[in-house]
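Here come two complexes built around subunit A, the first alongside subunit B, the second alongside subunit C.
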Partner chain A sequence: MSRIERPRVEPGQTTSATDLNNTYDDYSQTGALDQLNTRDAAFDLVHLTNAPILIKSQVSQLGNTGMLHTAPTTSFAHTTSLGSPVKHIVQDSGGTQTIMNLSSSPWTLAVGDVLRVFWDLSVYPDTTGTPWNGASAKGRYAVPTTGGGANTNITDGLHCWAAYLEWDITSGSLSNFAPVPGQGTFEQVYDSGANKGDQVKNTTATTLISAWSVFGVGGVVNNGKVSSQGSRQEQGWFGTHGMYAHQAASGTTVYGLRLVFTGMLHPAHASAQSPYENLLLYDINASGTLTYKGGRLTAVQMRGD
Partner chain B sequence: MAYTKPNTFVDGNPLTAADIKGNDDALKVYLHEGVVAGDLKSTAWIETRHIQPPIIEPIPGIQHGVTGVQGSQSRTGAVVRCQFGTSFLTAGRSGTTNDESFAIIPQTTMQFTLRKSARILFHWWMESNNGPDNSTASPGSNAYMWVTEYDAGGLLAGTGKKSVVSTYATECIQNYRAWQNNPPGGPAYPYTLLGYGNMAGTKVFTKTDTVVVGLAHLSLIDRSAIINWGVTIEAYYL
Partner chain C sequence: MKRWTQHDARTDHLVEADQFNRQNRAARGSIAGLDRNQYPSGCVTDAMLTSAARHKVWVFAPWAADASHTHSQGEQTAYRAPTADTLPEQFRALTYQQYQPGWTTAFEETLTPFKGGSLLTDWCGNIAQQIFCTWSANSLGSSSPPGRPNDRNIGLRVLYNGLVVCERVGPAKPIDSFRVTCESQVPAGPVQVALQFRATSIGPDDFVVDQGANDHLMQAHLFSNRAVFVGRWR
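And now, the complex of A and B:
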């Protein structure tokens, strides 16, 4: 506490230049002012330093510009080989990748800083025929029909595409993108190589996109029986979105961010592992395409302490 | 800077009123606005009560604090606040799909004033059920409702125009597939097989005075029920 204890000069007393100087010098007390010298609500914005809370922000276009679903759009197809899963970097129709390029002024995350990322994108999943009905397709179940006779194959409808976030924290050359912390690459091997994918717990920065909708309008489900396997109904275009937050445990420099598609995936359960794990595995026997228009990749860096 | 008396007194010299006043004036300046960090106790001692308390504005649902503004509006609680989208308001029926064609979605606008320039994050989400619409304009077709953020300027004349970046709009399809003309059809069958829309977005921008930001839509669908929704503001002066 800053406190002046020198008695004042009373009427009739004498004073000296030294006393007068000391009286003024009493007001110079270094490192003394504290809560005992401060009234409630004394501090407002004007008293705070300019150390930012929101340090950096940037918005980048994803894919193609324009709102309507006419060209330009971008498409890619499903994974056909577990040896080379499709990893499609979000790009425009001309093949130019649409990433968030921070290389000219990289973001330096100090310990405790938080990176927050948001994205949205207009997508159009499509397929031809009945790929869910292939003999090796995942999520295919044979159930009795209401009319009797042979069983009917139906799909559980859980096939999906995945969009996940990568960053480059190595150099401004932007040649070292890797999934952000908490996000896997969907390249873990299961079942002695028969399957590949990732644990759901490694999908912190993933958005899943339904691959198709199959249902039977006018059909009746009765005691576990179905009238038909149903038919695929076009889902049309729809908006998809995701977000990710990461608090830096060590100093990190971010040179770029990008969104990557992969698929087609299907959920599974790894009962052989302990503890059990929920998985997303590639289904190379299910075919489809994902077309997308455009969207937005937004990132902010915030002070953590 | 910390207080340093401008005039030093010396024994034997005349004591002038000007010197006394000079020292007092400097002291006045110091006590009003001259306290610097070095004068403060170096260990942390500022408590919440020492900071200006936030102003709570319950109707717009925001609180205005020392370092910024935060708040939200949503369709929650006991009061139903479902919203709607429609092609009849948005020029979608005429096929006009430019930025001017977007119409504001009621109740989703956040409006407040800033004390200085701030970086603002506007988050939104909504779930909607779109159609079915079997009307002449979009009979069994791929009709959509697009939603994106809009912002408007200050209260001065000519500055309140709504601004939309339509390329950032996100969409949902109408529920035409479940509309069956041929028997068995009609309302006996569920309308929710398609036409369910789940959308979200985040807009980051900078403002210096009045903030007016909310959701706008452009629809080719007769009607959409926006069943659940929420809008959230984060504004940072620093």
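And now, the complex of A and C:
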């Protein structure tokens, strides 16, 4: 910690140029200004030779342009085989990937710098029929039936799509995208291959999108019992968004960022893990599509302190 | 009037030398320092600034690697059903067998050093909640047609030093992402930030147990949580 020793100006004293210059020299030493010896509101932007917090920023289009939820839009369907989970890079309706390309002027994160990334996208999850009621669909449980008889199997309604963030920190060729730190690829195998997905702890850059809303409209739910398996209520178009932050522990050069969709996923729990582990697993027995219009991918590089 | 910004010594309290020195230096900085009118343009270079001289950014990721949040894995852990009571196809999370409705601290962090000034919080994450009973027959008594909304949502709020800075009703879909951003002026000194949630309480018709395995049903959960705090001094 630096220390600045200089008597204060007393009332009635004349402040000379020498006094001011000496004081200024004190404060202009390398590494002399800290939060303790800097007067409140002493500096404004005009005094600073660099931007105080923000180093770089960029905004990129995601998906398609336009305000209305009409064509062009982009769609993809659920994973049908655990051997090849759907990984859909956000793109426009023509199949051109919409990524944040920084390769012409890569961002160099110094130790302590903070990379913050934000995204938003208008989405429309849809399906046909009632896939959540299929005998093999995940998330079904039994509740008593109104009027007695066998229990009724209903859904917990927790199927979802995931959008997660990847970056390329290898080269400007943008051929080495990988999940950002703290984010997985949903490729871990569970239950001897019967399931695939990822631990919830590996979803630090994930936005989840509800696949449907199913509940007991009307008098279906009564006194802890149900009279039917409920019904789906249209969610329509809605906005989804996310945020990711990373403080560089070592020098890192970022060449690009992109958003990747996968699904359909469903919550699970691995009781054998220690101390416990919540999971998101693919449900290949639940079908649906996700259509999206457009949005923005925004990134800023900030000084950490 | 100079305020105490580092250590407010009280009568009969012992004061360590470092506590006095830090306060004294802060006071000297305020009283004897040059102000903005006396500095020329472009006079402050990066080399002249020490760490956290003007601002500081905290990236808060309550992950297992963080010793102070061991095993939280980015999830709220205030309410967690026993593993033995959890359905394999649900999260180990909040159930109505254990939940005491009310604002619950999911994460807490003390931010230091904080000289005093603007503090911005950007909190993001995902939620899951059981919504099948979001419409039930007896939620508002007998009626015709039967049933009334039995609201389901997860309220979210941010507190600085115990004071609510922002609050929102929160997500109402079965799975959803959320983002809460707020800013407030905060006095100098360590700032305790609390990120809280409040799941709606049980309705009159809700079922809470899977009749097949007799496991407790998950009702709500917060996960994938991350937050950024940006402090900018006056």
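In the analysis below, the second predicted complex is superposed on the first by the 246 of 305 C-alpha atoms of A that agree within 3 Å, B and C clash if a C-alpha of one lies under 4 Å from a C-alpha of the other, contacts with A are read in each partner's own complex, and residues count from 1 in each chain.
Everything that follows uses one rule, which is that a residue touches a chain if its C-beta (ideal position, glycine included) is under 8 Å from a C-beta of that chain, and two chains touch if they have at least 3 such contacts.
From a predicted model like this one, the values you see are computed outputs, not experimental measurements.
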First (subunit B), second (subunit C), both or neither touched by A:Gly66: first
First (subunit B), second (subunit C), both or neither touched by A:Leu54: first
Partner chain in contact with A:Phe43 - subunit B first, subunit C second, else both or neither: both
Touched partner set for A:Gly147, first subunit B, second subunit C, both or neither: neither
Which of subunit B and subunit C A:Gln247 touches, first, second, both or neither: second
Which superposed partner A:Leu20 touches (first subunit B, second subunit C, both, neither): both
Dominant contact partner of subunit A by residue count, subunit C or subunit B: C
Touching partner for A:Gln35 - first (subunit B), second (subunit C), both, neither: both
Overlap of subunit C and subunit B interfaces on subunit A (superposed complexes): 2, 20, 24, 27-35, 38-44, 48, 50, 52-53, 213, 215, 217-218, 235, 240-241, 243
Complex contact set, residues of subunit B against subunit A: 2-5, 8-13, 15, 23, 27, 30-31, 35, 38-42, 45-47, 49-53, 66-68, 97, 115-116, 119, 121, 123, 142, 144, 146-147, 166-173, 177-178, 180, 184-185, 189, 193-194, 197-204, 218, 236-238
Complex contacts: residues of subunit C adjacent to subunit A: 6, 22, 25-26, 28-36, 38-57, 59, 61, 63-64, 71, 73-75, 80, 83-84, 86-93, 113, 115-116, 122, 124, 126, 128, 130-138, 145-147, 150, 173-177, 179, 204-208, 210-213, 215, 217-218, 221, 223-224, 226-228, 230, 232-234
Subunit A residues touching subunit B - in the complex, by the definition given at the top: 2, 16-18, 20-21, 24-25, 27-35, 38-45, 48, 50-54, 57, 59, 61, 65-69, 118, 120-122, 213, 215, 217-218, 233-241, 243, 294-296, 298, 300
Parts of subunit A lying in touch with subunit C, wherever the complex brings them together: 1-4, 6-9, 20, 23-24, 27-44, 46-50, 52-53, 114, 116, 138-144, 151, 154-160, 182, 199-201, 203-204, 206-211, 213-226, 230, 235, 240-247, 266-269, 271, 275-278, 302-305
